[in-house]
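Here the structure comes first, spelled out in structure tokens, and everything after it is commentary.
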Amino acid sequence: MAETVFFYIFTSLMLAAAIAVVRHRSPMYSVLSLLVVMFCLSGLFVMLGAYFLAAIQVLLYAGAVLVLFLYVLMLLNLSPDSLNRANVFIQPVAGITAAGLLFVALCRVATQSPLPPTPTVAQPGTIEALGRLLFRDYLLPFELTSFLILAAIIGAVTLAKGKSPS
Amino acid sequence: MVTVTHYVVASAALFCIGLAGVMSRRNVLMILLCVELMLNAANLLFVAYSKAWGNLHGQMIVFFVITVAAAEVTVGLAIAILMMRQRNTLDADAVQSMKW
Amino acid sequence: MSINAWLLPLILFAPAVGALLLTLIPENRPDLVRRVAVLVTGISLAGALHAIFHYQTAAGGFQYEVLKPWLPQLGIQFHLGVDGIGVVLLLLHALCGFTGVLISYSIKQRVKEYYIFYLTLITGVFGVFMSLDLFCFYFFYEMAVIPMYPLIGIWGSDVKEEGRVKYSKQYATMKLTIYLTLGAVVALVGLLALYQWTGAQTFDIPTLQAMLADEPLSTAQQRWIFPLLFIGFGVIAPMWPFHSWSPMGHAAAPSAVSMLHAGVLMKLGSYAIIRIALPLLPQGAVYWLPWVASIVVMNILYGGFVALAQKDLKLIVGYSSSSHMGYVLLGIACLTPLSLTGAVMLMFGHGIMTALAFAIIGQLYDQTHTRWLPDLGGLAHQIPFIAGCGVIAAMASSGLPGFANFVSELLVFMGGWDKYPVQIVCGALGVVITSVYMLRVVRGTFFGPSKPEFEGHVHDAKTPFEKLPFIILVLALLITGSWPGPMLRLLESSTGPLVERILMNEPNTAPDSIQVHSPAKPGHASASNEHSEMN
Amino acid sequence: MVEAHSAAAAVGATDPALLALAGKAAWAILLTPLICAVAILLVGIHRKSFAMAAAVGGLATSLICTLFLFFQASQGHLAVPFEVSVTWISLGGLSIPFGVLIDNLSLIMTLVVTGIGSGIFLYSVGYMHDDAAASRYFGMLSLFAFSILTIVLSTNWIQLFIGWELVGFCSYMLIGHWYAKPSAAAAGNKAFIVNRVADFGFIIGILWLWSVSSTASDDRTVHFATLMARLPVLVESGAVPVATLSVIGLLLFCGPVGKSAQFPLHVWLPDAMEGPTPVSALIHAATMVAAGVYMLCRTFWLFEMIPSTLNVILYVGAATAFLAAALGFAENDLKRILAFSTLSQLGYMVMAIGLGGPVAAMYHLTTHACFKALLFLGAGSVIHGTHEQNIWKLGGLTRSMRWTSLTFLIGSLALIGFPGLSGFFSKDEILVLAREHNLPIYLLATLTAGMTAFYTGRLWFVAFMGKGHAHGHESPPVMLGPLFFLAGLSVVAGYIGIPAWLGEHHEAFHWDVALTSTAAVAAGVTISWLLYSKRAIAAGSLVRALALPQSFVENRYYIDDIYTWYVQNIQQKIIAAGCAWFEQNIIIGAVNAVAALAQGLGRLLRLFQTGVVQTYVLVFVAGVLWLITRYLAVR
């Protein structure tokens, strides 16, 4: 029963924060709202037994990605004017309609899809379990991600560096 | 009793909110943020099904998604900086010289 | 381990290794680049010569085979081997490639990149001629087509008419590449249908051939696939009316590329038809070839007439190529051992002859900067050696005895006479047209009074090295033309069995009165009776 | 691989050692000129004296070998016909030999080629002495000797055709020897192409003949001896209808029409006079143009089976003889007059074939080769000495070039059939034949003989007699030698029994025919003497009186103009330009249209690329929605 309660608390908070992310005019508040989303999400992860991921979610997203966003926001020092150009009306309407329709469709898919069979053994997402999997079955993809990240770093640096001052 | 379906619906809701954001906001930073929302909705789905199937492969995918998302954000933000520097705007509609 | 086991890979990969080596050589050493190219194509030429002299004619069939699995899951193998047809075409390509490298000494800009593409092209064509696996075949086929694009686009020249650009080199190269790729795709559809319908899970040509001999595809299926293959490969042959890429492609290409292009690349199409379409789809061939025989008459006559109207030297030779390839296709369509042997011989003879012609035109163009016939004249005063070669090329093209072209055209005519006399007569008329425009070229270019604008700065090929490519090509034409016996025996060892197998699928028709390995046979009398009725 | 076999005739046994030697000699006749030609073109192209020595030596070797065989055969030591050959192509059922066939016919023709050829080669040494490209000239001359011997000694149709084409090529190269002259280059092209047109029919005839030549037990063949034995059987059994054979015969006759310059493909021969004069003598008078006649004689066993074709041959020959003679009336160029005369005499020979008299044709061929070569060499000597070939600018040559004039006179008399000289006898043979078979043709031939006398007289009286304008110098001995040699031949060729050698018993002399023709000749000479030497009748008024035929003749019956018109207006402007238009607009146009279609579609699709990311997302979502709906509907 407590599970249900927690689920609804986390979920409603998460969705509310998500709406705030989307709706807020100032990116700063949006980023902060996203932080709330992350925390709620990691709560849900804990409920699902993904302990390690819950930790990662907070550490990586909240600690790294969002901080990066904040950095950039401050770096750019956006004036509110540059952000608040009048939106074309049609765009949000179309977006919300499409998203709404998609939501309905997804819900129908979710309710109509057959459920997976109930697992015999629950697998907790501990560090050890994930680690075994990661460094055995997923070793090659894992190594390949390092290339991806390297490429991203190089790309980001080259892009953001601009023309060399010489 | 919270079933997988609950999580799926929650994930769908989060995804659609993110999508609505992507479609209605014009600031690239906001679009990036909304993309993050959508990615996380996907993550939630993976973890939920990971539990439902009783194995950890779903969680493994989330691990990689987070990695890729980090990379994506890095490059995305770099582009945003570049855009600001060159065009002095973050409006996604302003960047369409590769249209045709 | 005998040399035979690695002879074909040596021939094939020498240019490829050369191309790789060239990437390591600095840009500013063009002489080294050229030397490497000469060396690797020379190795290939030596290999091809060795192959042709050591081919066991008595044994026949595919020799020097190499078989390595490539993608076993899909039944794809790296399978090389040549029969009498292949070994002759290998020699043709080796000759054209080697002399082309020598002719390319006149290329001065971006030498390194030029040779890299050129050697890739050579590798691709070698691969096609020795592949015995459909996948391999297709792979090398594309490899041969693609380098043409940069080669023409970068090092080519626009085709001009009265000083205006008629076809830009970009247009020509784009058209060539797209056209050939499109043809290849059509053929690919046919190949995949073949793969699917046989259900053999193999691309291996000999295996497929053996399988299809036991349980052939249904007649309907064969009749569907054959035109796909024939048109697909016919585009590069080039079969009328899909020929229009070829003359302008020749015209726009740098001379060494034109040599390879007209000399060898166009033979890929007819070779593919002989190697794949005929043996694998005999009933389709028997059904469609009568149509082909009539269409190729258009090639011969129409190509000749269009050549008559041209004034750009390369366009004239280009259209003459499309005209002469008509004889090759006619020889294939007649489907007798004689005509098929003649067709392959003509592929050889025409290849060498066109290579020679383009080499000469290249020399002219490099020095006079024009290929426009009315602007030329009297060049025999300045360049007697090249003019002599020009006369030889023109005469070879007109089918003068002593050159391989005469023998092969004669064989096509003799082989086809029983089946398609009208087409053969039209073909013979094409020889007259050829001599008209070829002599016009010779007269307009080399004869007449010396023109002052060429005095002093048009130079003949003087050193033995400069003369070498011309001498090689002329000798090849003369030797095979005046003493064709050995080469014909080589070809016959492959064409004879091929035609025999196909005609087995033609139950109602009496065997042709010329048949291999059986000088006297019962079908003969009926054939001659039939003929006299026809008269 | 080189399997020489000799198919000696059953008559007369030959000593095996002699047979082996004769085989070698036969090959030597054929191959020595080839070897010399290759040597000259490869190593001697810049060594003039080497080229001259090699060419003359090569042909002289051939001559000696020919003489050897000739005497062995005439003494009866060597049984003829005998044949040595190698297999050139052997493929499936097709076997094409390449070899040497020695019989009386080929021996006499080989003697003509090598004998007269040697003289002309020698003469060329003097004539071409100062020419920069003399090496090429001699190389081509040697190659020509090989080619014509390939024809003469041929054992089969394909070999004959090979030689046939090769002489065409040599003729092309030699006519165009002075390629700097546009007219020479054009004349070479014309000769080659006209011959090509004729050879088109010729090769079709050969192919057709080959294709009908098989019997129940044997494969097809192109071999003369085999065909000769086989064809009558085939015709008799009805396997080959006579009608078919007649058509084949006509097609084969196309070859001689081109090569021997018969009407209406005679147009190339006058133009061919652009070449050096020895070439005109050897190729365009004595040997190559006679090759057509030789071919008809060689394969007369075929033609005698088809009388309808023989009739065509007869009329073509007669027409050529008459019309060409008329052309000689209005020509002013020394060499061209001789060329028309050659045409006319070739017409006689072809006519003789048509009358069923290959021996007479061969006889006339031989004598004609002697005196026409002589005339051309004489003309060459005149041109060499005066650098002039317009007869009206010459004159009085009898004084300045005495020996040349003397020999020229002998040649002229032989040509017109002056009694006692070689031309008289050979022409007489033909006239006798004509009178036996076809009276109108006989009258025409006699008239033509008179016309020959007229234009030859005109040439002689204008160019050699009369008041001298030309100050020539006599030619060197190396050129005069061959002139005397040929003059001697022209005198004696009528007495050495050529018809007998060729297997015809000489019939009683036909006094009536001889007298009639002599009268015609005398009339012709007299008229020309009156017109051009005595000037009793003003030539100008005669020309005015005959204005219409005159212009007709001056323009060579407008045949050249018709051909030119055809080439320029029909071939180039309609057919070729039409095809080029079709190519440019329909074929290339269609391809471009396909490309344009693709481009148009691209332009249309481009409109969907708005550049607004959100729009793409919207479309994307719509697509996803559609997929989900489909998914739900299917379930």
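When the chains are written out, they are named A, B, C and D in that same order, and each has its own residue count from 1.
The definition used in the following text is that a residue touches a chain if its C-beta (ideal position, glycine included) is under 8 Å from a C-beta of that chain, and two chains touch if they have at least 3 such contacts.
Here the structure is a predicted model, which means the values were calculated and not measured.
Enquirer: Could you tell me which chain's Cα centre is nearest to the average position of every protein Cα atom shown?
Expert: Here the chain at the core of the arrangement is C.
Enquirer: Could you let me know which interface, A-B or C-D, is made of more C-beta pairs in contact?
Expert: Spelling it out, more C-beta pairs touch across A-B than across the other pair.
Enquirer: Would you kindly tell me how far, in whole Å, the mean C-alpha position of subunit D lies from that of subunit C?
Expert: 35
Enquirer: Suppose each chain is reduced to the average of its Cα coordinates; what separation in Å results between subunit A and subunit B?
Expert: 6
Enquirer: Please tell me the distance, in whole Å, between the geometric centres of subunit A and subunit D computed from their C-alpha atoms.
Expert: Whole-Å distance between the two chain centres: 95.
Enquirer: Would you mind pulling out the distance in Å between where the CA atoms of subunit B average out and where those of subunit D do?
Expert: Computed from C-alpha means, the inter-chain centre distance equals 90 Å.
Enquirer: For subunit A, write out the residues touching at least two other chains, lowest number first.
Expert: In subunit A, residues 91, 94-95, 98-99, 102, 106 touch at least two other chains, as defined above.
Enquirer: Could you list which residues of subunit B touch at least two other chains?
Expert: Only 19, 22-24, 26 qualify.
Enquirer: Got the subunit C residues that touch at least 2 other chains?
Expert: Within subunit C, no residue contacts more than one other chain.
Enquirer: If we use the touch criterion from the header, which chain pairs count as touching?
Expert: A-B, A-D, B-D, C-D
Enquirer: Under the touch definition given earlier, write down the residues of subunit D that touch subunit C in their complex.
Expert: 1, 87-94, 158, 161-163, 165-166, 169, 172-173, 176, 179-182, 184-186, 188-189, 192-193, 196-197, 200, 203-204, 207-208, 210-212, 214-217, 219-220, 239-241, 244, 571-572, 575-580, 582-583, 587-588, 590-591, 595
Enquirer: Mind listing the subunit D positions that touch subunit A in their complex?
Expert: Result: residues 614, 618, 621-622, 624-625, 628-629, 631-632, 635 of subunit D touch subunit A.
Enquirer: If we count contacts the way the header does, which residues on subunit A are in touch with subunit B in the complex?
Expert: It comes out as residues 3-4, 7, 11, 14-15, 18-19, 21-22, 27, 30-31, 34, 37-38, 41, 44-45, 47-50, 52-53, 56-57, 60-61, 64-65, 68-69, 72-73, 75-76, 78, 82-83, 85, 87, 91-92, 94-96, 98-100, 102-103, 106-107, 110-111, 115-116, 119-123, 125, 129-130, 133-134, 137-138, 141, 145, 148-149, 151-153, 155-157, 159-160, 162.
Enquirer: Could you list, by residue number, the parts of subunit C that touch subunit D in their complex?
Expert: Touch residues, subunit C against subunit D: 175, 178-179, 241, 243-245, 302, 305-306, 308-310, 337-338, 341, 378, 380-381, 391, 395, 398, 400-402, 406-407, 410-411, 413-414, 417-418, 424-425, 428-429, 431-432, 435-436, 439-440, 443, 446-450, 484-485, 488-489, 492, 496, 513-516, 519-520, 524-525, 528-529, 531-532, 535.
Enquirer: Hey, which residues of subunit B end up touching subunit A in the complex?
Expert: 1-10, 12-27, 29-30, 32-34, 36-37, 40, 43-44, 47-57, 59-60, 62-64, 66-75, 77-82, 84-85, 88-91
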